[in-house]
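Heads up, there are several structures right after this.
Both complexes shown next keep subunit A, but they swap its partner, so subunit B is in the first and subunit C is in the second.
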Partner chain A sequence: MADLTNRRWYTGMLTQEDWWAVWLGVGFFFLGLLNLAGIDIVGFLTYPTKWVFNVPEGGKGAIGHAFYAIGKKTSMVSKEFYKGMGWWSIIWTYVAFTIATCTGAAFMRWNLKRFFIGWTIIYFMTIATWFIGHHGFIAANKINMHKYGLNFALSLGGGGSFILALIVGLIIGNFFKPFAIYLSEAAKPEWYIKTAIVTLGVKLGYLPIKLAGFSHKLGKEAAGLTFDLFIAGAAATIVAYMIFWPITYLIARKMFNLPRKTAAVLGSGISICGVSAAVATGGAVRAKPVVSIMVSALVVVWAVIELVVLPGFFTHVWPKTADPIVAGAAMGMSVKTDGADAAAGELLDEFMRNKIAVESNGTVIWPEGIITASAVMTKVWIDMFIGIWAFVLAMVWVYRIDRRPGETVLASEIWHRFPKFVLGYFFCWFFLLAIYFGPGQGGSADAMPYLKTVKAGAVPIEGPMRKLFFMLTFMSLGIITDFKKLKEAQFGKMVWVYFVALFIFIIPIAMIVAYLFHHGMQIPNIAGYVQ
Partner chain B sequence: MMNIMMDMVIRHDGKNWVVENDKLTLSAPTIDGIDEKVRTFMRQNELVKKGDKSKVRMLFDNSTIPQWIRQYGQHYFNRVIEVEG
Partner chain C sequence: MAEEEKKEMSGTGTLTGAALEAEDVLADAEPWEPIETKLVVWSLVVAVIALLIGLVVVPTSILH
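What follows is the complex of A and B.
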């Protein structure tokens, strides 16, 4: 049966992952806001903390407390109830998200039985790696390792869990291929990351509220910083677009003699936003779908290589902790696919925050999520722009290069290619900003009780839910990535175009453009307000 | 407002572009070939009269794209061609 999901402007609302990321993210966001009515039904969301086998006397890290319901810390009305939940919060979270994701899978007409089994396996593998990754040896740093009775720790923070999830996924994807194929029905990194990005909107909107709890001035600084990221991200993205695409297209055409359409699809895939750009451009230039499919397979593998290499490079080589926002923005412009980029941004966030805490001996602590946001912001702009870029390419191709008298390029194509999850991201962000500047009175002391209620609803979404969906993304990315694809003969020149364009042009240019637009942006220091 | 005479579904079978609806199925290795066949069919069956103009909309069948890719990009293209009688 034909899949005409883009027949009309609204027809994909119940059948596309993009929209289901919005429904999941915004749906749980509103469930969280029920706190304003005195009802807390999101406090069950599970969250891990650092643990060790042998807890030192007076120290921290009992295994029994390795997972807890976030409401234990945040709930205004049901704190005692959530305190008793402990590890059972994993099951509550599983039930809630199984209902939500299976509903989405049913509407998207996936194989529900396979999705349910795959989802269940992926969820519990994710929880297991989340648990292992929070062992004190991996997650603690030299500031806090003594509380866990350790004399050495890897200082990876939550990043250790992400790396583990990716490794487990890659092992399945490359050594247990039949199992990976079975899991593929539920290994949906883009769906999970888009959902996580919607909840990142909650994080951005909540940031001024959180920092206002420390000081009125910090709250305002945070609101200003997120707005600066929004503007700088747009400017940097447009500049990068104008440079990346022509360079990659020329490399493909002049150095590697690839056909025009293949060069255009490859140019978009490598230089813009990976698979979505390859698909959009393939359609725009009326290429055979196989061209986009081949480029997509290549993009997915290269994106994972970037995800593994760049966070460490930016943290330890350049720009290090001197310019964390520059690093985040450069990540957003370099790493293709939303999943790999946001995941790399989150990894960078963990690495950078741990590094600055260690370097400054605990006198500088950055709130989490801002570096991730800088990586995602440039990517979101890139995603939004692809519809317009593909529209322009379609006009150039249809009216100039492959002239077809009588064919019309439809303006509705821009909407069909627009990344709908972005709507959820901005909606959550601006909704919370409106609360902060409206009834929250810009973080004034009088409004703090009200803002604390908002916090009780926002934290479970921007914390546990967002982190869980990031973890699911890392695991799923690994499962669907098969490195053998790089060896497949038919890719030939494409692999080399990718290599040359990415490492010689795109990453260095992304770093320069990110520096020009983001240099000097400061992350607020909250060391004086947190233990 | 665009006046669409006929809606068709367009897909690629790995070798040819195929357009179809409940009345007909046409295939050709290139999009130009498809357009030519659609125009010929409409003229031969007098679906467009001499001197008149009509529009055919081709909606892309997303099942052409493998499911694992659809999570990244869910739109290939829809297109409209004008047919003169």
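What follows is the complex of A and C.
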């Protein structure tokens, strides 16, 4: 690793996706906080709502209101301005994020022209699928479908849009390959999801503020719940990972007779966090670059399969709505790649919230985002663990397996392998918690006007921006997923190692470990406050 | 794909749909060595220790 010694702790701050996810997420978060100074410049962010072609008398869902600027509902200072924006908010959002993402692309030295065109196409395709996915037939449920004049609805909530975006992306990625290759410069699911995860930190920090708006007690409950997730997620992750890796390594070496380095990279790719782990371990054990790339491609394809299967499985088979946090945590440990995991968590969140609302006939309503947060929390811990594990493997390989005389492994390698977007996630979360417990006085009645101003800045980021970046992730994930690659690259054994490890060991173990640490965790019921 | 480009990609962690070259990285498995046994066993030992400590310390575990 001699060539890495010139790196400084700040290396990559302007050239890596990880850091640009932080700049985008934290940058817009601070733009939102300008509300505290009486300036609302994030209220234009566009958001969809359920719509139908024919609105029943006295019902909801006019197509003209299918997209609106979020400031119409949240802004304290410019509500009237944002009210008039309607569908134009799509263009405002496009302009803002085009400037932000193109700046990032330029610093990361991507082909700016191709990125701009690709981004534009992906953005508007995403908006189109977001719109279609919010048709009442797809998004409404038994409780509210009559307001839209419907007698039947699929009850998919916002999850329908995610699935649709993934399907559209997969169609492009598998049937319109030249177009997919053209879009690939802007189809960056890892970047989009890391940005979404940073904004999920805003969501997590905002939860107590939101629930304090309902009642002081609920706000405290939410703050406690996020801390519990943080601690339980850490314990579950270390336990699960230290079981996953050796088992996968054993399967690859003993059952499938793979070489050591390939087995080590596969072990990390399958058991931890797909792409980043495969790349980090590949570097640590000095596997050929093609191994990391092959494992990464495999991880992406399997992650998409998990993304389609697991949210439905956890919602309808086990643990169902009895233990939604267990389901979320198990998701975080089972689905590899940040993108697919956070996306699957979001889908699970939508499915579970719709299911509990239907099952309880509307008497139980869970705030959105907590199940997603439980899925992301375990993932975030796993991401942080990658650097440490890559460091351990590098030491084992350098000093024991390859026995390279005179070579040393620098401790700074842990920092360089550290997923930097996690810093943005924690920063936003703790910043808002500090506001809640500090000037927000833990949600006391006196501080509510102040917290409402914070809310006006936080909601556009944790709602519209986060959801948009999730949608972009689903679309991009589909675009870069080429199922034919499994065949072409003659993965053979690798596919089977993945299959055996994932379905026979990793998912069941993830479910058991998630149960041991998260069983019984309750999501606050806000039905009495939102109806 | 050029070797340089592949190295660049492997260093970024970026998901990419770029073309793959099927190199023979699946053959010629080395014999199992004692250090591998140690690596596997110690990982599992750490897992068990972390599980026991976690169950006791984490307030949301099933022991509480």
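Definition applied: the second predicted complex is superposed on the first by the 524 of 531 C-alpha atoms of A that agree within 3 Å, B and C clash if a C-alpha of one lies under 4 Å from a C-alpha of the other, contacts with A are read in each partner's own complex, and residues count from 1 in each chain.
Quick note on the criterion: contacts are C-beta pairs under 8 Å (C-beta built on N, C-alpha and C of every residue); 3 or more make two chains touch, one makes a residue touch a chain.
Not measured: the values here are computed from a predicted model.
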Problem - Which superposed partner A:Q16 touches (first subunit B, second subunit C, both, neither) - result: both
Practice task
For A:T337, decide between first (touching subunit B), second (touching subunit C), both and neither.
Solution key: both
Exercise for the section: Once the structures are superposed on A, label A:A394 by its partner contacts, choosing first (subunit B), second (subunit C), both or neither. Expected result: first
Practice task
Return first, second, both or neither, reflecting whether A:N361 touches subunit B, subunit C, both chains, or no partner chain.
Solution key: neither
Handout entry: Partner chain in contact with A:R286 - subunit B first, subunit C second, else both or neither
Key = first
Practice task
Report for A:K188: first if it touches subunit B alone, second if subunit C alone, otherwise both or neither.
Solution key: both
Problem - Partner chain in contact with A:F517 - subunit B first, subunit C second, else both or neither - result: second
Problem - Comparing the two partners subunit B and subunit C, which touches a greater set of residues in subunit A - result: C
Problem - Which superposed partner A:N151 touches (first subunit B, second subunit C, both, neither) - result: neither
Practice task
Quick one: classify A:E413 as touching subunit B (first), subunit C (second), both or neither.
Solution key: first
Practice task
Across the two complexes, find the residues of subunit A that touch subunit B and also touch subunit C.
Solution key: 16-18, 184, 188-191, 275-276, 279-280, 282-283, 288-290, 292-293, 296, 337, 480
Handout entry: Touching residues (chain side subunit B, partner subunit A) in the complex
Key = 9, 11-12, 14, 31-32, 35, 55, 59-84
Practice task
Could you please specify the touching residues of subunit A with respect to subunit B in the complex?
Solution key: 1-7, 12, 16-18, 110, 184, 188-191, 274-280, 282-284, 286, 288-290, 292-293, 296, 337, 394, 404, 406-410, 412-413, 416-417, 480
Practice task
Please give the residue numbers of subunit C that touch subunit A in the complex, ascending.
Solution key: 3, 6-7, 9-18, 20-23, 25-30, 32-33, 35-36, 39-41, 43-44, 46-47, 50-51, 53-55, 57-62
Fill in the blank from the handout: Within their complex, subunit A touches subunit C through residues 16-18, 173, 180-181, 184, 187-191, 228, 231-232, 235-236, 238-239, 241-243, 245-246, 249-250, 253-254, 257-262, 275-276, 279-280, 282-283, 287-294, 296-297, 300, 337, 339, 396, 400-401, 477, 479-482, 485, 488-490, 492-494, 513, 515-521
